[in-house]
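What follows are several structures.
Both of the next two complexes hold chain A, though its partner changes from chain B to chain C.
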Partner chain A sequence: MIWVALRRQRLQLITLLVLLVVGSAAVLIMRPMMLADLHSMGLEGCLTTGLEGCGKPKAPFQLAWYTPMRAAQLGLLVLPLLIGLFIGVPLLAREIEQGTHVLAFTQSVSRTRWMLTNIAVGLLPALVLVLAGQSLINWWLSAAGDLGPLRVGPFDMNVFGIQHIAPVVYTLFAFSLGLFTGVLARRLLTGMLITLVGFVVLRVALETLRFKLISPERKITGLPDTAGVYGEVKQIRVDSGYLDAQGHVVPDEVASAASTQCKATSVDNTQFFPCMEQKGMAKHFTDMITEPMAGQLHLVEGAIFLGVTALLFAATLILVRRRT
Partner chain B sequence: MFWLMWRRYRPQLIVLASLLVLGGLVLPLLTSLVAEDFRTLHLDQCAGQAQYIGPCVQRVQAFSATWNFWLEAARIGLLTLPVLLGMFLGAPLVARELEQGTHVLGFTQSISRTRWLLTRLAVILLPSLLLTVAAQWLVLRFLLAAGDDRGPYYWTRFGISDLAPASYTLFAILLGTFAGALLRRTLPAMVVSLTATVAARVTLDALHPFLLPRRRLVTELGGWPADGSLMTGVRGYLDAQGQVLPQEAVTALHDCRQAAPSTDQWACWHEHGAVHGFVDVIPVAEAGTLHLVEASIFAGLAVLLFLGTIGLLRRKV
Partner chain C sequence: MNWQRPSGRAVPVIAEGLGKKYRRGWALRECSVEIPDNRIVALVGPNGAGKSTFMGLITGMLAPTAGQISVFGDRPQGNGLHPAVSYLSQAKPLYKDFTVAETLKLGAKTNPTWDQKYAEYLVEQAQVPMKAKVGTLSGGQRTRVALALALGRKPRLLLLDEPLADLDPLAREVVLRTLVTEARNQGITVLLSSHVLAELENVCDHLLLLGNGEVQVAGDVAELLSKHVVLTGPVNAPVPVPQQKIIGMTVDEHRRRLLVPVELAHVGQPWAPSAPRLGELALAYMRRSALEKAA
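Up next, the complex of A and B:
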């Protein structure tokens, strides 16, 4: 059974292998080249001090290396979708479209086993490629520190999608969506189109909802607000406002009315903040999603994708078993 | 013939029309919303200011938090549109007929194979180009309303301006058709179409600095032109007479870095004869010409691919 599945997906598996070999070789060559460039431009110090503390021209380095690094990052971001489109959809859709599933269905193996073997043979090598790509590319990009594309922090959409469990769960989701739409539409092209749209829609939806998925950390400061969170790009500010003496959140309209009145009567901050305190704004709060919370956020988002994946696999199995 | 083609490609044409309608509804709505946000936050006063310090920081960050995602999505959507059209419309155009054997009926009718291909291409190509150009107009209006001011050579900007989207679409669809005629199978043709279109785009992007004559910009030592000109990778130092400093002298400059603290570094460089820096660039004003050159290359390749497809089809028995 495994041998048949291997033969059937020969072309896909060879493509995955070629991608793995070429991709690994490229990263293994590029990383030392980049480090040598960093050294010859004397930029090693800039990796830890950040862009401002560096004081050396870094534009030539970024001009040479930013594009390859971004390309690797983008490649890893679209890889799950490509796996879903080109391995997930054709796996069952092509058989059904060409009628060859009839032969398989009339053999002694059960449909469930037929499907599971085919899935395993297609999916496992794909996951190996994704994991290898993820570790190699992150290893390369982190070597460029704040001079590379990772400087925007773990919550940027291009960084979030290539770290932690994200690439693997996206791959599982894309693959299961491909299987399901292929069986449902019974045609390759339609299945591919629906998979493309479906994958992009769920990714985008969770991208926009992401910071509502976990409860943020509240930082409370006295007035004036000294948290200084605006300049920090690596964390996300979800909400901010004022608390009264009992520690309850002051409604936005009350706070902004008070702020308007105080602005009218004060010349600078030394009068403005006491005025606000008089009106009951005792403290300032900022709700933040901080850098260490990225892992938690990955787990929550991953759980949603895995839940959808499980549903899709189950639905595919039911469709395949019911088909006459 | 056209009636037949309409019946044959109905789902594809309906998808294209729906995309057009969807874009035509959503993008103008986003454009008016973003323009209003831009006005209420007074971001026109912030143009050219530093991103992480100064009075604009809060307003710029509030604006980016809301809009960056949508702006990026619009850019990426328009950049990938030609690739998707080539993959989903170009590749199956001939491949599916050859795979399922339905070309036999077409080839045994009274029309020539060239006409058979031309009608199919026209039915797919013209609506695709229409969609691409309409999407380009809508997306650019959206980006301009958001004050997008990256230079014309920035890769997400170059690929969506001027002739670029239309020429990419033309090329991608003909490449897909050719791959289909060559491989005779839909799925491999789609993979090849995707890979080759991306490869051709990346290659031509990398070739941009070599497509037009360069101009030498003289800068301060350690300076860097920030007007968005296209860098060609050629840079160096000039001495007091305006002559390019030879390589040995440039290597000597690197010793200044170790010898002197960064404040006296330029004095040390002056002693070694470096007075100005220079960078060879393609100026911002030449962007239109570069678009023309690139579009002609893609159009030329498209013609070759078309001839190749006809050659393959005419030989097929």
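Up next, the complex of A and C:
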């Protein structure tokens, strides 16, 4: 059965292999070239400060390297969707569309084994490509430090999507969605269209809800606020406001009314903040998702994607085993 | 239910009160029938009679809505085809980008009872090149490869759903001859559905006629033929038997032909009795079933 699955997916597997070889070769060639440019332009000292911070001209390096690095990053971001569309959807939908599932179902192989073998043969090489691509591209981009696309920190959507378990879980989700919609629609193009829409919808939904998935870290300061967290690009401020003397959050509308009144009677901050304290605003708080929490966020988001993936695989199995 | 003969050899197919309902209604209902061992069975009926549904239930591709079915003593569960059964559907699905050799390899890899030499022999006998891609083959060649794939499993029951439908008359004759030869040589029970009654006449020794989703006639062909007679008489002569006894009637410019039970054979002049042909008998029952449906 494995031979049959391998033979049927020969074209997809060859494509994956070519992508792996060409992509790996490109990164293995480009990374040392980029490091040589960094060295020749004397930019090694800018890796943690960014170009603005180290007083060097940025144009030559960025012109040469930012676009290829960004292209690699975007390629890794769309790879899971492409795998879902071009490997997940056709895997069973093409069989059903062409009627060859009848051939498969009328041999001495159970439908469950047929489906699982096909999934294994299609999915495992795709995961290898994603993992290899993720390792190589992150290895390349991290060598550029703050001079490359990673400078925006782990919570930027384009960075979050290529790190930790994100590429793997996105791939599993896209593949299972493709598989399910293909079997449900029984048509290749319809399955691809539904997969495209479904993948984008869930990715955008979780992109929007991402910072509500874990409890933020609360930083409490006296008035005026001296936490100095606003300028940090690598962490996310999810909420801020005032606490009363008992440490309870003051409702926004109360704080806003107090602020309006204090602004009207204050000349500057030396009058404004004491006024706010008098109105019950004892402290200031900022709820932050800090850089070290990125791993936790990846795991929570990954668990949601994996849960949906498990449901889609189970639903596909039910459809495949249905005898109507 | 006893699924086995006293001899211990399991009966290929036993259906009891078998029914299958789709959203549009019953495709097969109250079907109680037995497919005997080592016979070539003609499965006949008009479109929508339930022939493909019946085969689907035997393969396990479909689950029954009512009743039960046994295939060599086992209940089809849809977990792969019974090892003693092979199925060739009307569309004869094969992977078009596979070569013939790869198609046989598929059979070998997915069937524990596979006989590679026998399958290769059938392909060579059909003069189909092993290296040719299935997509490049003619309809007749593709049917021969599909037949080799089905027979290579060494089945004891071969289900053929309209296998000759898209073949030219010459290819039909060759395929049918191969089929009958292999079935006789290997001791295979064949369930063959076809619209071409004349073809079935020469090869089948058992008839299963479905109509309106129900079994209309089932039995040994020779026995069925011996129980019926055709009365031929002038078109203007009064019909000599009660209307309800007439199974089928055809009328042309000069003659009227009546298919009736053999007990009514001797009605006298001007009606001459003769033995019916299988096609004539099947067609008469099919017409009757169509009239019943219309009524």
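Here is the rule we use: the second predicted complex is superposed on the first by the 319 of 324 C-alpha atoms of A that agree within 3 Å, B and C clash if a C-alpha of one lies under 4 Å from a C-alpha of the other, contacts with A are read in each partner's own complex, and residues count from 1 in each chain.
Simple rule for what comes next: a residue touches a chain if its C-beta (ideal position, glycine included) is under 8 Å from a C-beta of that chain, and two chains touch if they have at least 3 such contacts.
Keep in mind that this is a model prediction, so the values were computed, not measured.
When the two complexes are overlaid on chain A, chain B and chain C sit side by side with no clash. Of the two partners, chain B and chain C, it is B that touches more residues of chain A. Look at A:Ser108: by the touch rule set out above, it reaches chain C but stays clear of chain B. By the touch criterion stated above, A:Lys279 is placed in contact with neither chain B nor chain C.
In the superposition on chain A, A:Glu207 makes contact with chain B only, not with chain C. Touch criterion not met for A:His298: it reaches neither chain B nor chain C. Shared-chain residue A:Lys219: touches no atom of chain B or chain C.
Between the Cα centres of chain B and chain C, as seen from that of chain A, there is an angle of 90°, stated in steps of 10. When both complexes are overlaid on chain A, the residue A:Thr15 reaches chain B alone and has no touch with chain C.
Of all Cα pairs spanning chain B and chain C in the superposition, the closest are 11 Å apart. Partner chain A is touched in their complex by these residues of chain B: 11, 15, 52-53, 57-58, 61, 69, 72-73, 84, 88, 92, 96, 155, 186-188, 190-191, 194, 202, 222, 224, 231, 233, 235, 254, 257, 262. On the side of chain A, the complex with chain B involves touching residues 11, 15, 42, 52, 55-57, 59-60, 63-64, 67, 71, 82, 86, 90, 94, 157, 188-190, 192-193, 196, 204, 207-208, 230-231, 233.
Only residues 1, 3-4, 7-8, 98-113, 321, 323-324 of chain A touch chain C when the two sit together in their complex. Interface of chain C with chain A (complex): residues 22, 59-63, 78-81, 83, 86-87, 89, 91, 93-96, 98, 102, 105-107, 109-113, 153.
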